[in-house]
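Two complexes, one shared chain (chain A), two partners (chain B, chain C).
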Partner chain A sequence: MSRLRASGGKAVLALPMFVLLGVFFVLPIAMVLALAFKPYDPVTLTGAGYTLANFDRFLGNADHMWTMARTLGISAAATVLCIVFGFPLAWHLHGVKSGTARLWLTLVVLLPLMISLVVASFSWVLILGNNGVINVLLMKLGIIDSPIRMMNTMTGVVVVTVFSHISYAVLTIFAALENIDPSLSRAARIHGATDSQVLWRVILPLSLPGIVAGASIVFSLSMAAFVIPFLIGGGRVNVVPLLIYQYTVQFFDWPGAATLSILLLLVTLFASWLLTATAQRAMPWERPR
Partner chain B sequence: MGDTAALEVNDLHKSFGSVQVLKGMTVRARQGEFISLVGPSGCGKTTTLNIVGGFEYPDSGDVRLNGTSVVALPSYRRGLGMVFQNHALFPHMTVLENVGFGLRMRGTPRADAVESAREALRLVRLEGFEDRYPRELSGGQQQRVGIARALAVKPKVLLMDEPLSSLDAKLRREMQVELRRIQKSVGITALYVTHDQEEALSLSDRVVLMNRGRIEQSGTPEEMYARPATRFAAGFIGESNFLEAVLDEVRGGEARIMLATGERIMAAAPPSVSSGGKVHLAVRPSRLRPATASDAGALTGKIVASAFVGSHQRLVVRLADDSEMLMIVEATDRLPAPDETVSIAAAPADWMVFPGEARE
Partner chain C sequence: MNRLLTVTALLAYAALALPVFFVIGASFTSAGYLSFPPQGLSLRWWDVMIGDREMMNGFWISAYVAVATVLISVPVGALATIYLGQIPIRARNILVTFFASPLSVPMVLTGFALLVLLTQMGLLNQLGLIIGHTVISVPYVTRSALASMSLSDPSLPRAAAIHGARPSQVIWHVVLPSLRPGLVSGGLFAFLASVNNVVISVFLVQPGTSPLPVVIFSRMENLAEPSVAAASTAVIVVTAAFCLLLEKRYQLFRSLAGR
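Our next item is the complex of A and B:
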């Protein structure tokens, strides 16, 4: 009885958030979903009745499919790089024992999240541009003769995406590392594992849950990124969120924009599911049986 | 075996910041000997084990295995096995993988590692559990896996850091017997750290009692219990009653000692205390008994508490100076009533006398 009442109490506490999510998140998505099945009308914008024509329009359009592939590619690359660079960072943070040093390092890791994405992207223009810090330095040193083009390229977009999202990967991996019993490293070492064997055979597998969580967050955010491809890509790196923007405010093709949104959502969900399912197969010890 | 000890710890010194944790720690273990390091927390027993294991480095001193110094080697090249307090099994590996881990890390071919791991599991009586994950095992089974993992690498010395302290009392006693059986059958040299003196007494060939970074006393369990060298040892190993007293007179090998209550008892004469000197008097609760006419001295007190614990009775007797003595006697039909006045005594040889100015 008391347990029932307790769970009832918890449900009441969760109610405001449920209402908020329902009204401001689920409802709009449902409306977008409905809009995706409406015909586009150049005059009234949204026609009457329901149709699958919007999906035909995009799935048969090679240009748009390439944009989807590009979006996936950029996000996948950014995700992999966030994990590859994020893991050593998290590992270092985990190894720092002094409280103040930890605090400062955590602050540095969180910095990308504290700075407005617009401001951060503009500062990257100063770094990556033809007259930016990197090119000027390389030319002064005589390593290159003419500036390397980084602005308005996929490379530039990936670099800035990694910078903006790596904090999530570092934090989730750090949390996973902190959860690993420190005596496991000792047990591995005393029974004959070298430092690198400890890392590969014990630490890495046990931090997989954190790696997967970080990868999911970074990937989802990268798929939905708008400001970075807009400012760093400079119109030359088209991705689905930019496409949705164009359909919404330039073509006033709202059913088209809605269809693209749904497609983006489905692809993102599928990729995230694939990642999680693969990770779970790699972690049989986490499965109940 | 000649003169070479399986394990030799020589004059270890170690400080953490301004705290001196070890002040000249020396232990030697023969091949096959089971040695316990016992002492209160902070006495340096765990630090000693960590230095032997290579998890920490001493400020000075040496660690030798079969005569070869290993103090500069990393853990993984010392050829040791270790059982941990919290088991420290790898949660992402099956029981078989856990036990075979050390061999695989040392480059043993897979088939051979599996064979050795199975053998180690037989030794700890855990056949049939090979494919389970650690979280699917009970605490006792997990600890058996931990022991098998440590033994599978055929270590020169087996280190154990309070391996039974996470188990409940009944299981702990079972595992003590089991641990001793396994250690004897393998004939392995073992270094065991515990704060539980009873466990140390029941398991070891030799007990090393540590206090404040030094060895307080070491010897066989029987010696440690029967002849504590210091007041600290008398208090830590087994139960003891303590009384403050003054040495009255030494005659022959016997000393007459006056208690704070004014009562006098006879005890074996302590070295290095002259008449009139302060002494600490200690006696085991089981050595106290009701006084008889033939006793040279007795203490009078009131019973303030009594508890019947099956085979015997625990009585608390309050003396005239308000100090309390615990007394363990054979259970009789009649439970002494509280406030009953009793006269208690112990044989002169059962009183332990320590110099009064000794450090605590």
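Our next item is the complex of A and C:
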């Protein structure tokens, strides 16, 4: 034991990790934080001294605030849909007994994580476009006369965001379902509960921690989504991450980009905290550890 | 109610799987534009893709950067996890959160921040790209390695030490093997995070050195030729091959599926 203690707490083991995250993650974010308080100068790009002007510039700009609201709206919608479709997926996967079937279905659930987001967005163009599969099918069936516009709309962005993030929701809910003691639903059934009562009153509340964990992952990722609004929104659906990219690469306004990044981070953290705190109150049996 | 859930689940499985088949199908079209179902079968766009220097170049850069990312993040993550296993629970919880933090910070912020730093360091090159990918990939390694560690018997390292194993022997012969499943799946996730990454890359690339997803990304902005579908299919095939290899060797997905 003393020997293990001697080896115990050898911080040198974690040194590479500390260097990696310290130098290439914490330091640059601290630089961005500092940059957010630097004035923007059209000539030298970053002026001298410190100022709050950047925050004024964005918080007072109705357009940019709408963009923030849109980002929040898209993320909230995507999160809700990820849970609405993710729960049945996780429930179904949980009920599959055969090992091989489970393996294949898990692979399907993981597919969005395995294919690149650009690749996925690209295939959704084929599905959602005016000449895409959905429109062609609906028109052939005579349900609609002219194609429904889904590309370059918020609807399209939300659909693809759900596709690309739903795996996280399914995986966390699935893990929660697997951890529920099966004798609980058996006990409920013996006491006369119907199948849907078992689901609503036993399974759903007990899987709530998984649902909340999944929702907060999906929400954070959606807030930062950048590729989907760009490719599916086609410039018509502006969101904060895209704005940050434009400020960095097109306007070379780095203090502006830094301020927007910090605002995005704060709003995301606050909304996630709100989600978790609300959920915590809905499940008093889950004591925060 | 249960039937409704099952029907929803089956529809959702279909929605998750279909896009992949659409891309693969669209890459074999003989028409000059993108469409699904493909208009006649041909390898025409595969030919265009292979002749496209930017795409082929991007393909190799992606592969190179992803492999380098895995080779750095797995050992770094493994060592950090071993350290986490040796410290008191309170300190461990704090560090676990810190080591996972690149996953909870919006990736645009990380990308932009790295651009700011690497510009000053003069590291805006392939090394910088690898570093950037490693930062966002390493949390996957620590997370799965920690999961493996929590499944293994914590008294084993102590038993080995009692029987006279040196600390380095304990780590090499006892702790590391118990982390192996986590390191393998963490390595896979790190590979996927790197090979599919656009957001970090788009901030850090210089003209002419773009990894494939960035090439596809910038092509889609302007014209979406079916050769993009061919390149996408190539990415899917390489990823699938990599996963299959790991599955054959380590039963990776079987363990993920839970039985």
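Here, the second predicted complex is superposed on the first by the 271 of 289 C-alpha atoms of A that agree within 3 Å, B and C clash if a C-alpha of one lies under 4 Å from a C-alpha of the other, contacts with A are read in each partner's own complex, and residues count from 1 in each chain.
Throughout what follows, contacts are C-beta pairs under 8 Å (C-beta built on N, C-alpha and C of every residue); 3 or more make two chains touch, one makes a residue touch a chain.
In this text, all values refer to a predicted model and were calculated from it rather than measured experimentally.
Aligning the shared chain A places chain B and chain C next to each other free of steric conflict.
With both complexes superposed, C is the one of chain B and chain C in contact with more chain A residues.
In the superposed model, A:A120 makes contact with chain C only, not with chain B.
Residue contacts after overlaying the shared chain place A:V202 against chain B, while chain C stays out of touching range.
By the touch criterion stated above, A:F226 is placed in contact with chain C alone, chain B being left untouched. Contact with chain C, but none with chain B, is seen for A:F163 once the two complexes are overlaid on the shared chain. Once chain A of one complex is fitted onto chain A of the other, the partner contacts of A:K10 are limited to chain C, with no touch recorded for chain B.
When the two complexes are overlaid on their common chain A, residue A:M283 makes contact with chain B while staying clear of chain C. In the superposed model, A:S183 lies in contact with chain B only, and not with chain C.
In the superposition on chain A, no contact is made by A:I143 with either chain B or chain C.
Between chain B and chain C in the chain A overlay, the least Cα distance found is 15 Å.
In the three-chain superposition model, chain A touches chain B and chain C at no common residue.
Listing the residues of chain B that touch chain A in their complex gives 53-55, 74-76, 78, 80-82, 84-86, 88-93, 101-103, 105-106, 133, 135, 149-150, 153, 159. The residues of chain A lying in touch with chain B in their complex are 181, 183-184, 186-194, 197, 201-202, 205-206, 283-285.
Interface residues of chain A, counted against chain C in their complex, comprise 1, 3-4, 6-11, 13-14, 16-17, 20-21, 24-25, 27-29, 31-32, 35, 85-89, 91-93, 99, 102-103, 105-127, 131-133, 163, 166, 174, 178, 195-196, 199, 220, 223-224, 226-227, 230-231, 241, 244-245, 248-249, 254, 257-258, 261-262, 264-265, 268. Of all residues in chain C, only 1-2, 4-6, 8-10, 12-13, 15-20, 22-23, 26, 34-36, 75-77, 79-80, 82-84, 86-87, 95, 98-99, 101-102, 104-110, 112-117, 131-132, 134-135, 138, 142, 157-158, 161-162, 166-168, 170-171, 192, 195-196, 198-199, 202-203, 213, 216-217, 220-221, 224, 228-229, 232, 235-236, 239-240, 243, 253-254, 256-259 touch chain A in the complex they form.
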